[in-house]
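Heads up, there are several structures right after this.
Each of the two complexes below includes chain A, the first together with chain B, the second together with chain C.
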Partner chain A sequence: MILFIALPIISAFVQSLFIQHEQVLIVSQNCGPFGCSEVTSIDFEKTIKLRQDAPLGKYNGINTYLNRSHLAFAEVGNAWSASETLVDFFNEVFNLPLYGALAFTLTYTAVVTPLVLILGFSIAIGVNGLPNIMKGPSIFVSLLPFLVTPLVGSLILFWMVDGDGIIGATIKLIFNDPDLSLKASTALTWTMLIVYGIWHTLPFSFIVFYAGLQTVPFETLEAALIDGATKWQRTIYVVIPHLVPLISFVTLMLLMDNFRVFEPIVSFSAEAHARSLSWIIYNDLRESGNPLYGSAGATSILTIIGIAFLLLPVLIRTWKDFKLKGH
Partner chain B sequence: MFLKKLILSVATGCLLSSVAFATDCGPSGQSIRILASDFPAIHAVAGTAEKNCSSSASEFTRNHTTEARQIMNAALTPNPAEYTSVIVANSTLTQLMNDDLVRPLNDLVQKYGSNLPDNLMITVDGNVMAVAFMANSQHLFSRKDILEKAGIKSIPSTYNQVIDAADAIRKAGIMKYPIVMNMKTGWNVGESFNLIFVAHGGEFFKPGTAEPSVNTAEGIAALKMLKALSEYAHPDHLTQASNETQAIWEAGDAALGIMWGTRGSVILDNEGSSEQVTSNTILSSAPTVKPGGIPGATLWWDGFTISKNVPDSEAEATFAALISALNADMVAANNDDAIWLLEGFKPGAAAEGVSATAAGGAPPYPMLPQIGLLHNALGTELVDFLKGDESAEKALADVEAAYVTAAKEKGFLQ
Partner chain C sequence: MQTQAKTSISFVKGLSFCLVCLWLLIAAFPFAWSFWGSFKVQSDFFSKADWMYALWGTNTIKETGSAFTSSGYYGAWIIKGFWKNFTNTGIVVFFTVLISLTIGTLGGYALARSGFRYAFWILMAALIFRAMPHITLVSGYLLPFFEWNIWGYLPTTIIVLVAMNQPFTLWMLHSFFLNVPKDLDESAMIDGCNRFQAFRYVVVPVMWPGVITAGLFSFLLAYNDFTVTVMLLSEDNETIIPAINSFLGTTQVEGKIMYAVAAVVSVTAPILVLVLFFQRQIVSGLTAGAVKG
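Then we have the complex of A and B:
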């Protein structure tokens, strides 16, 4: 636990408190195949001295957390005083990187989690009711989306929803709109990502619920049957209460999984319309050529705090269950 | 013209120098380890070096990966470094120099490279930091047949002519989206902005400082021009990079494109496209803002560097091996893989665009330590304007704000 969980978190946190030393810039003459020009470059001799004295960088306290790329309190304050209507204010706020990403991440989590719970449970009930000979093949088929690597699965779907792909072309035909593009509108991109998310995580909740259904005590079900309970009533009053601990577990896993949504954004090339917290970390670390470790560390810590908030209700519930059983 | 001049200077260089052409691999028994990007021209250079010199080296390894840029700083930091050479471009050389990971090559150039012209030596304050061997830039691709059908007689040379031509093609009912550009969110859309920005005479930073200056009249004009062009590009343009734009072109679904010169030979070859597309594709200079102005392009070179943190003998052997590949035979065998800056290159139709763009005075992609941060900010913040969610001024203000935040963290601004 300490090695694999605590230390990395502490390391990310410590990193997020530091920024790089001042870069000593000098103007130099730069020549190449296309001529010469005056450019600025880093005076390495002066800069390296600073780095060797304090390799972690310059202590910046929590300022990285407060800057425009993160909590941006100053910018949010300005937006509040400058905007006349609430709509203006929210437009301004969601234009900031962290809040924009948070909006998509939370929407994704809030839509995908309940739908996957409900659909997974329904499929489990359905498969459970099948004749024995059909069960094996249907379980296998239902698990397939889970077996596909997220990156590959979303790439395949990305090509299918292209204007010339099978899904994209069909949708164009149905709506009789040759310009309809799933990749060009924010709302449709979000929908596409959410549908992909459901498709991909559904098998997980299905298989856990299906396993749970096998443990429902037969006697209780039979007793309910004798009391004249309908199938619906048996599900609501017998099966679901029996599965509550499992539901907590699946919710927990789904919330964590969905909050760190990342791969589909990259493979759907959806960065223009949807960015998630994990995507921001990725962008900080990779895209600028020189990684922004402090910024990425700060976003990571904020993500952990975000997940902790989301999980709080579920964790409290699990703890209560645990205490109840202890007595 | 530009290339001819270059080649001429190479030829005179060779006449004047008395260096024999026998392969000189430098000290023998050394370990040569090359990290490079993964495309045919780079394979040609590193592969020829291996063929020439692997027998005299104790070890010769090549790692060709599209991830080279991501791993090179980490790989060169330890002493001894993981690789003795990294093959870089304008922007990636800055990334290595920012951490002082490559060595000056002046003495090695004197010893092994005296037959190469001076302008291939990438020089920073008199120190040769890399040796360039090929050039690249984005420029205009046009479909002659479609332009004629729409009543456009000549190949467009300014941005407004490109837009007018696109409009004529649309009005004639030939294509609804005649323009393709590399506009994928991130690096590509940032670069597309850069092209038009330099054509408008914009400067990325206030001179001599790391203060951004993109939220200017030039920046706003450039961004609005980019938007005007993108109105004629397929609605999916924010997801399209080189592979997608090339595919659209080869499928015959576009008539005007701003794409990389290195895609020229791939498009013009007889694979992946129809005779009608290849025989009517014309490569020309990147468009200008006003007739005769600066072409909207940044020029790129690819070249090799030598690691700082390796023994001098390994550095020397690596340099000698790579230099041995930069000759007319290698160019002759791989003529169409790149726009070579080397002796023996026969510029074909595929090189026309880059050649004209360079001759028109397009500037090189800026080699500034902080340019990566600004480029990234452009790539992420401009799309809000291109989607129509905010004004050009606001988008550019966001770019500057995002850049300033990142530059403060990296120590470029206080």
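Then we have the complex of A and C:
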């Protein structure tokens, strides 16, 4: 198990230190009746041999991390000195691939997570209040968006928001703008992806909260009722404190899942407007014929570091809990 | 005062009821719509004139003579060879579930009975795998696999999927076996069974609920996976999800997007059936982590 986690990370790290070979060039003189010209051509045999001998490529140290498609310190510095206002600066920076992807990934995570928490909780309370006979079917329906393959689920939505699809056509009608396309503008693409994200992850928080609601002690609720608490007050002061551990668990899971958002971007073909960190790696590896292992490796390592930062507080707390339980 | 409190309660109730209804509509409608639409022709499902065409199938009747057509399914399954991808998925899913459950039950039982507190470390491993974008792991696997010439084959993918899935399965079954009373196998051993017999005759009959839940989640992981399969499988060995992805490119150009719609609906159907039959297990699996902490 450790083998399967640790090895790929090490492998990605090693790959990130190398850069693919340049093609071997031959310069030959081509002499014709009107004088000689120098012709540069690619020596395919030598290139292939070089690639076979050292598949990793040339050693490049941490330069890959610093180049334009990753941390890009030089470009950020330039942007800082060249741009007049902060807005200019950020525009400049978010045009760099890594920062652009980071911006989308973080926005997506930051918007989807709280919304899913709140909506999931409200729906859980709503379903809890339904008559028993309706609970089963509503849970069944609710589970679908979560369990269906992300790629497939987002495709279904994508076809609906297509210019000729039902939602897309309706939106056109409402705004009376036949050229309106959800895919054309950055803001609308982001909104679309975020809406999809909420649709897809809402069931998870709903189910967990719903299960949690079943464990709320009845006596406490009754006591609060006798003390004259309204339904609203009972929810705020009795139910929510009881669910705090669940809330932190769901938040953790949502953060992890949202941070690696990937499939919707592929199936919405939204890469022109929104790229996530995962998508960048995918794109590097998909580079036809000549995958950029070095670049993908570097982004992978940076992503892992990002996740470590995100999860560190939670991990420390779990460790402390574990030690408390152990003694 | 009394009446006021009553109306406000019923107002809140009504509001939350509306919210639930709205959510159920949002959750179910896309599936119903795509299912209905998959039996139409493209000019209905992506109607330029009027979205109601998709409901009544105006153009479908014009083109095929009936309001329903299975040409999308015929195109996807027969012409585009989707059945081959489906077989591949079947193989991958079957072996992933089988291997992870075998390791999971044996390992989970051993860990649960050994007394040492492994739980934390397994949980951590499961958490790390859950947290890491699978693509970062795949980017690490890819180059070695090319070098060893094992890229593109189904067994390689199965091994990777099992590896990604194992910590979670192990943790789930480990906590399940912790709940199986120790007295059960101890009394069997006093009656003269050895450790293995105790496992075979006493623990195995009671372990199915846990195994089914763990199996369901392995199934979903393997079935739904896109990242690993799209990277590690060659075109001949593609499973359904990457196949749909490559469909998109070709069918859009050919104007046969209904093939892709039909394929998508076919992929969703097994999951629907699964949820229908195993809803209880899925819910208990989803909440197991949360409630036990």
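We adopt the following convention: the second predicted complex is superposed on the first by the 273 of 327 C-alpha atoms of A that agree within 3 Å, B and C clash if a C-alpha of one lies under 4 Å from a C-alpha of the other, contacts with A are read in each partner's own complex, and residues count from 1 in each chain.
The rule is simple: a residue touches a chain if its C-beta (ideal position, glycine included) is under 8 Å from a C-beta of that chain, and two chains touch if they have at least 3 such contacts.
Keep in mind that this is a model prediction, so the values were computed, not measured.
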| item | value |
| --- | --- |
| Partner chain in contact with A:Asn283 - chain B first, chain C second, else both or neither | first |
| Chain B versus chain C as contact partner of A:Asn95, first or second or both or neither | first |
| Touching partner for A:Ala184 - first (chain B), second (chain C), both, neither | first |
| Contacts of A:Glu271 with chain B and chain C, given as first, second, both or neither | first |
| Touched partner set for A:Leu130, first chain B, second chain C, both or neither | second |
| Touching partner for A:Gly294 - first (chain B), second (chain C), both, neither | first |
| Partner chain(s) touched by A:Tyr196 [first = chain B, second = chain C, both, neither] | neither |
| Partner chain in contact with A:Phe121 - chain B first, chain C second, else both or neither | neither |
| Touched chain A residues, chain B compared with chain C | C |
| Which superposed partner A:Phe104 touches (first chain B, second chain C, both, neither) | neither |
| Overlap of the chain B and chain C footprints on chain A, listed as residue numbers | 162, 269 |
| For the chain A and chain C complex, residues of the former touching the latter | 1-2, 4-5, 7-12, 15, 55-56, 119, 122-123, 125-127, 129-130, 136, 138-145, 147-153, 155-157, 159-160, 162, 164-166, 169-170, 199, 202-204, 207-208, 211-212, 215, 230-232, 245-246, 249-250, 253, 256, 259-260, 262-263, 266-267, 269, 277-278, 281-282, 284-285, 291, 293, 296-297, 300-301, 303-304, 307, 311, 315, 318, 321-322, 326 |
| Partner chain B, residues of chain A touching it in the complex | 19-23, 25, 27-37, 39-42, 44, 48, 58, 60, 64, 67-69, 75, 95, 97, 162-163, 179, 181, 183-184, 186, 268-273, 283, 286-290, 292, 294-295 |
| Chain A contact footprint on chain C (complex, rising order) | 5, 8-9, 12-13, 16-17, 19-20, 23-24, 26-28, 30-31, 33-34, 45-48, 51, 54, 117, 120, 123-125, 127-144, 146-147, 160, 163-164, 166-167, 170, 220, 223-224, 226-227, 231, 241, 244-245, 248, 257, 260-261, 264, 267-268, 271-272, 274-276, 279, 282-283, 286-287, 289-291, 293 |
| Contact footprint of chain A on chain B as seen in their complex | 6, 69-70, 73, 90-92, 94-95, 97-98, 100, 119-126, 132, 135, 176, 184-187, 205, 208-210, 234-236, 238-239, 299, 301, 341, 358, 362-364, 366-369, 372-373, 375-376, 379-380, 383-384, 386-387, 390, 398, 401-402, 404-406, 408-412, 414 |
